[in-house]
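Naming follows writing order (A, B, C, D and E), and every chain is counted from residue 1.
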Amino acid sequence: MNYADIILIAPEISMALLASIIIIVDLFSSNKKLLAPLSLTGLLAPLCFCIMVRDNPSIGFNGTVKVDDFSVFFKYVIILATGLVILSSTTYAKRFDKHQGEYYSLILLSATGMMLLTSAIELITIYIALELTALPTAALAAFIREKKSAESGVKFLILSAVSSAVLLYGMVLIYGFTGTTYLSEIGTVIANHLSTSGQVTDNGILLFSVILITAGFGFKISAVPFQMWAPDVYEGAPTPITGFLSVASKAAGFAIILRILYTVFENETLSSDWASMMAVLSAISMSVGNLIAIKQNNIKRMLAYSTIAQAGYIMVGLAAMAGNTTLNTSGPVGILVYLAGYTFTNLAAFAVITAVSEDSGDDSIDSFAGLIKKSPTLAVIMTVSMISLIGIPPTIGFMAKIYLFGAAVETNLTWLAIVGVVNSVVSAYYYLRVVKTMFIDSPDEKHEIHPNLGVLSASVIAISGTVFFGFFPKPIIELARDAINTLIG
Amino acid sequence: MTLTTEPFAIELAFWILSVCTVISAIAVVQIQDLFRSALFLIVTLLGVAGLFILLGAEFLAGVQLMVYVGAISVLIIFAILMTRDLEEGNPSHSFRVPVAIVAIIFILFAYYVITQDTDWNGRLISENLDAEQQKVAATVFFKESIPYLAKMLLTDFVLAFEMVSVLLLAAALGALALVRDR
Amino acid sequence: MINEQLVWAIFFIPLASFCLLALLVRPFFNSYSYISGPIAIVSIGISFILSLLTFFEVATNSNHNLVSEPNSWLEIGDFHFTVGILMDPLTAVMLVVVTGVSLMVQIYSMGYMKPSNHGSENAEHHGPEELGKPVYARYFAYMSLFTASMLGLVMAANVVQLFVFWELVGLCSYLLIGFWFHRPAAAAAAKKAFIVTRIGDFGFLIALMYLFFKTHNKGDNYLEISVINANLPGLVDAGLITAGALTLIALGMFVGAIGKSGQFPLHTWLPDAMEGPTPVSALIHAATMVTAGVFLVARFFPIFEHSPDVMLIVTIIGGVTAIFAATMGLVANDIKRVLAYSTVSQLGYMMLALGVGAYGPAIFHLFTHAFFKALLFLGSGSVNHATGTFDMRYMGGLRRKMPITYITFLIGSLSLAGIFPLAGFWSKDEILLNAWDKGDVASIIGFSLALIAVFMTAFYMFRALLLTFEGDFRGGSDKDPEAQAHGPVHLTESPFPMVLPLVILAIPAVIIGFLVNPIKDFGGIPAHWFTHKLEHSLHLPPPPAFDPILAIISSLIALLGILLAWAMYKRNPYLSPATMGRVAGPIYTLFLNKYYVDEVYEKFITGRIYYNGIALISDWIDRNIVDRTVNIIGWLGANFGSLIRELQTGQTQMYATVTSVGIIIIAAVYIFGM
Amino acid sequence: MEIPGILSIAIFLPFISAVIVAVFLTGKAARGFAVIASALELVVTGYIFVAHRQNGYDFSERITSWFPDSFPVQYFLSVDGISAPLILLTGLLGIVAIFASWNITERTKEHFMWLLLLQGAVIGVFTSMDFLLFFLFWELELIPMFFLISIWGTGRKEYSAMKFLIFTILGSAFMLIGILVIFAGTGTFDMTRISEALPSSNLIMPVGILFLFMSIGFAVKLPVFPLHTWLPDAHTDAPTAASVMLAGVLLKMGGYGLLRVSAGMFPDQLEKYAWVLALLGVINIIYGAAITIRQTDLKRLIAYSSVSHMGFVLLGLSAMGGVTSHLAMTGAALQMFTHGTITGLLFLTIGFIYERTHTRHIPDLGGLARRMPIFTVSFVVAGLASLGLPGTSGFVSEITIFLGAFPAFKLATIIAAFGVVLTAAYILWMIQRSMFGPERERFAQIGDATAVQVIPIGLLIVSIIGVGIYPAFVSDVFTEGITQMLNMTGAN
Amino acid sequence: MTLERFLILGAILFGIGLYGVLSKKHAIAVLMSLEIMFNGVNVTAVALSRYTVPYTVPDTFVDASRFLLTGHVFTVFIITVAAAEVALGLAIIIAIYRTRQSVLITDAKELSR
């Protein structure tokens, strides 16, 4: 450990320090209003460090972390998500009274874990980062401590523990088989092994551990059949946390999956198996998510199912990685673009939901009735966000989908692209139901909603991103392309 | 001590320990009284600690004793006592039979994969290291495991090590916030 | 002295009149709508004069045909649709007929349609009082448009151009039949007229498509009528297209002609068209538009000549229609309907003539018929003006009250019946002569049918004459139970603007038969000058010589018909119509019900087969199969999720179990599946 | 003078106006501004058309650096003979739609905002020469239409709006796949280069399937049996302005796509499956017409008549590859233009009548001609044009399609030509039942068109009769575009 | 055979823990079962560490020798994280107990479908 190493993970360190500072301030100050601004300002530090480390990418900490464009890309996304979540929590957190400090610092700690996860290239580090991501969110999910929230917390904790046990088992087995926990070395061993034995058959343990690891990460990104937790947890958790879970933790999950795929499974045979598994899971995920979402009346739950479907879309990019003889890049680029876009879009939606449920007291879709009259701004933001989730231009959701499905088509996965677009159509039905409710249904009571500055600015920032990058996706695409290029090396 | 041959005593110890561990583990999930199953959990954890010793991981056995038996179990028992007034015992689900089948399939699956579908020979110390190297390995395992471990924790895995402390902080924060006063 | 611009002017002046009336007078100066009549009359008058000049130019020109340079209308790639003028004797004749009759009818309309004619109401109009004036402008606008379209039709040099005006006259017919649109019967008749003729046009359209298909790659622009007539038969002879193709083209055109000219079986619209104002019936549904079918066949006569099969069909259809319509005319009670059936019947004659190859006589009959039939219609309008009804059962005894009307109507009837030496005699006789002379089976059948029709024509015309003008007045619209929509009774001679055309038209009804196409050289007019001129370029076999025996026979038959009518409808009939009706029994009923053709068309084909058959089934399929399939797919999509949702029980361990099973399944697939 | 950037102006003028309407204006101010904006737009589109017609300008605008090179989406606009008249049509119907909404009182400014957005998006579709940009506008148009139907509609408006949307998205979903496959094969989104690049490219799916995918999106929009059932519902329940735009312009996007993409890029496939097109065309024509006569709702009736009329477009396209394909395809393109104005006028008139009578149920109407001469004239003119009467634009397109398609598919064309009779039947039946007959007591107080309503009616009548009398005004442009396309595809 | 039997033992423990997690109604019992699962993993990890060669054999074994104990490191972290998890889990259970007066995980099913 030396100075360079410290600089390398300066974003994470500053993030963790920020969490500590928040606790300390919280401890010594009775003015809880300071916390959110403080956290937001504090986020500038990791952001600056990210920009800083981007210039000199390298491996550090004896090969356990690798900071490159790829991880920095995700760190941006995570910091952005964190900032937006904090911003949209400003009113919401008031209900935690004295414990707002814990609330914000848990978010920051979880973000620390996520950021670390994007850089980790060694199994133990990955595991610790993953747990650091999960445990605070479990606490946050239960943070309201009323029935639903606590239930959501306990479900998240237990299921995430089971999944991490499974993941661990897989990691341990693969460690045993390869004798190392470093991803690059694992990759080399597997490659050597396969090149000598020529096939995977007598290496059942390898496949088995791959599947267990897939299951572990599949839980994180809520892909079918590891998705069951998502709706319940999303519904019960505090609304901003739901947004955080659906965006940041998913982004981190995909980051590590991509990292593992690229460093471990560069081998053709294994990666094509992997790809076909991903393709199937992707198709199932989107179909299941969309079909169930149609029948939901709770908007958070609906978005939870939609998240499952969105995970399915993103997995199209994973499946599209290995269709050709060499690992294809437009699939992963699509994933990155999609995740970035999804961050903007979904957080805009959740910010609006936060504001609306704050006003109406529940999360039902009906509480959006006549929103256009109550608050045109929120209604328009929600509409754009829904449109982006469907994938209709001119939004980033459209551009990202084009990219993903384009990647699928390029790699001969046209069937998957078809499943994807048909699913987009299905999804239009329930997303537009929200839009319809806002614009056409008349509200029970007519009063205007004036969202507070935090939520409003969060939603406006998020939606501006959605629309701006919908028109000019080039910056994101180029950033993502650089990221993937460094990932490939 | 060598790495290739196993004295009979160790063989015997393995069987005793593993049978005890498994039986007590089954007891944990089968006994109807939660308090007793917590006690059986301690037996299981002790058994695992014994297995660690068999595998030459004395330090881990110690950690197991201190963290698991000493801390976690006590914590669990406290929790049980706190919620004891409900008298709910340790019931199982109505669908425990299918679940058991799932678990058994999983075990059989793992068994198949471990024994039938994997060629371990290429990976074993006993097969792949020459005598000299095995001697080095034996030293690492049985004489200098704690310094080696310490060195690893503080050099190669220092980041994870630090992160675990952040993790513990987070867990403590969360736990405290959750059990806060109304 | 007549040049292309002036010929164009014949067409454009009425059109300008229409534009003036429709775009300026009707919307903006409706309170001055009395100027509409003069505007229309003047414009058509100019056209008439120009037409006459043109006619004489063509008649005296040895070149016969004046073909203008085609003007491009629509060019798509290699395809050129042009507009131009084809000026040959046929066109010239038609121009005179159209403008002449139109002029008379317009003058007549000035009186007939005038809102302040008597009291505040005109004869046929019982609408809200303020509506008198708008009607006036609208009426003359339509009439001008019609005249223009009809002129465009006869002048067309291009078959597409012809088709355009062919349809446009149909439009005007539609508008004018439905002129009293507030009357359901009128609106329905208008619709019927349009749709039935459209069925014919469908045939025309197919002919057009087929023609184009066969010729578009044959060099010349075969959409030019002159090219078609000159070259198309040659293509058959050269083997470039089959004779069958030519037959198909001719047949399709004839189907169009059937629709337009009310030939069997598409005749049903024409009697119903009498719902329009009477001058309209005179102009459109007697003299001009309905003859467009005949004109069409004549126009493409070289094609028909080369298709003997089609000629046969033309003959048969013509003959059948002639007698078929006449039988219905025997029993009709509405004077206009009698005339309408008579028109259909006479058009049948013309078709028959064309079918037997008597091109000149057909047009000759068209020419004479236009005048005396217009006269008759206008006469019936005059009668209606006085009695307020068209139902002859409520007329009678008008001879003394309306002498001029009576005399002109008598002249018209005699002419129509073919009594020597009136115009109708000469033209009809030519047709019979030609049919007889041709001598093949079809022609003889046609001839026989036509001969019977002569008898019937004479009978029903004099039946009408006697019922209307003789005997005692039977109450007019006061008695007619269906006369609510008609005018009041005031038994006086019609006003001057209405009488004048009657008198003027009576003159040609008498003289043009002999004068125009004498059987012998007559005062500088060569024998058969008219038909010769028409047939000049057709290289037809020389016409048969006038056969006095045939003429006498046909005249006798006509007289017999008149005699029978007199016997039945004089003051104290020898044969009471009621008795005759009983004797004839079912035949009478059959005639009265128009052979149930309307019933078959409207109830069975339109109602049962189309509306309650095909349309109903299609609609049902659309609602219950196509749309329901969509909805079922939607429903499945919406509810399939519910099945999976059942797993989402809220039980944490259920979720973990699903996940575990998922892992095991995936693992099994991958480990055992390879 | 070739004004640079005029196409962007044509697209963004409505967009910016919409934003201004949405943000700054309300009520009558919004309406007035919308009128001005759409009038300007008409001028702009008119200029584009005329300049293209007279001088052959294509006004290309191209920004290539919009996307990274690896995903070479361009901002590429251009006009050719196929699109120029449709752009004009959009400009024309745009202002008509604004006038049609004159009396909207509920959420006025939103209404005008959506209308303007819609117009801009449609013009975007017609001018885009980059496939993805094309698709972008294609999808963009859905949102305004969805809102227009679901907010200001009548009856089961929400159901209909959703149905419209789902159908269209489903169709365009397949189109998207097609676009991506083409991109994967050719490496370009440039529509002007694809037709050359496609034959030699290495496609990952059979070109037949690709053709099908591309065509499904357009077929839904056109609409083609059996994908048409969204249309009667959407039309029936849409507000007047939306109906006008839907029938007048949005359906044309389908035809435009078929022409530009299915025919222009896959000539061989189109020729191969021409019989399918002809068959579907005939089904559309006859089946649509047969259903029409059973309808009692005026708008539903016209909606089905649109189904019927769009069959002619299919029939025209099916002649591709034959010697008369110029004619038939120009006819098809003309049919799109003429149907746009004709059906636009029909819906407009029905909308105005509905505004006064509050019913569209045909048996409840009747005897309106006396009370509303202007509406009657416009209804009759539109109806007659719809049944293809010479002198109106409807005739020109139908006759050219018939003449052009006959050599290719004789029986189909004959059956289709019989559709003309059926059309006459239902149109005249409709006019008779709704406008003619004795005057009704309850309509005694209603009035005729106001001066404001005469403007759109007049505009459309002028265009219908004008094109009917001088079709070359539009057809020359179409001919040029189609000839160019056919030459490029080497079909002729 | 020696490695395999440890591995199988680990798998059995993992399976038993899994069964417990899936079948026990009591939340604390579920946590205890989770610990059994982790112990199964731990046994596996240590056994693998003991019996298999680390990466980079045979070139620089002396350098690599310290990686012999990677499994141990793994186990140390697993134990630590498990402890944190249990602590948090118990806190949540207490919280849920306060809201519902029940610690049966099967009672927490308000969020469903």
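Here is the rule we use: a residue touches a chain if its C-beta (ideal position, glycine included) is under 8 Å from a C-beta of that chain, and two chains touch if they have at least 3 such contacts.
Computed from a prediction, not measured in an experiment: that's the story for all the values here.
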| item | value |
| --- | --- |
| Fewest hops from chain B to chain D - one hop per pair of touching chains | 2 |
| Chains in simultaneous contact with chain B and chain C | A, E |
| From chain B, the most remote chain by mean C-alpha position | C |
| Nearest-to-centre chain - CA centroid comparison | D |
| Winner on C-beta contact pairs when A-B is weighed against C-E | A-B |
| Computed distance of Cα centres, chain E from chain D, in Å | 65 |
| Distance between chain centroids, defined by C-alpha means - chain A, chain C (Å) | 77 |
| Between chain E and chain A, distance of the C-alpha-averaged centres to the nearest whole Å | 25 |
| Centroid distance [mean C-alpha coordinates] between chain E and chain B, Å | 7 |
| Two or more partner chains touched - positions in chain D | 166 |
| Residues of chain E whose C-beta touches two or more other chains | 7, 14, 17-18, 21-23, 30-31, 47, 49, 52-53, 57, 67, 70, 73, 77, 81, 84-85, 88, 91-93, 95, 105-106, 108-112 |
| Multi-partner residues of chain B (each touching 2 or more other chains) | 93, 95, 99, 102, 106, 109-110, 112-114, 117, 123, 156-157, 160, 164, 167, 170-171, 174-176, 178 |
| Interchain contacts (touch definition) - all pairs | A-B, A-C, A-D, A-E, B-C, B-E, C-D, C-E |
| Chain A partner contacts - residues on chain D that touch it in the complex | 65-68, 70-71, 132, 135-137, 139-140, 142-143, 146-147, 150-151, 158, 161-162, 165-166, 169-170, 173-174, 176-177, 180-181, 183-184, 204-205 |
| Chain C contact footprint on chain E (complex, rising order) | 18, 21-23, 30, 105-106, 108-113 |
| In the complex, chain D residues that touch chain C | 163, 166, 225-226, 228-229, 287, 290-291, 293-295, 323-324, 326-327, 330-331, 367, 369-370, 373, 384, 389-391, 395-396, 399-400, 402-403, 406-407, 410, 413-414, 417-418, 420-421, 424-425, 428-429, 431-432, 435-439, 471-472, 475-476, 479, 483 |
| Residues of chain B that touch chain A when the two form their complex | 109-110, 112-114, 116-119, 122-123, 155-160, 163-164, 166-167, 169-171, 173-178, 180 |
| Sites on chain C touched by chain E in the complex | 645, 648-653, 656-657, 660 |
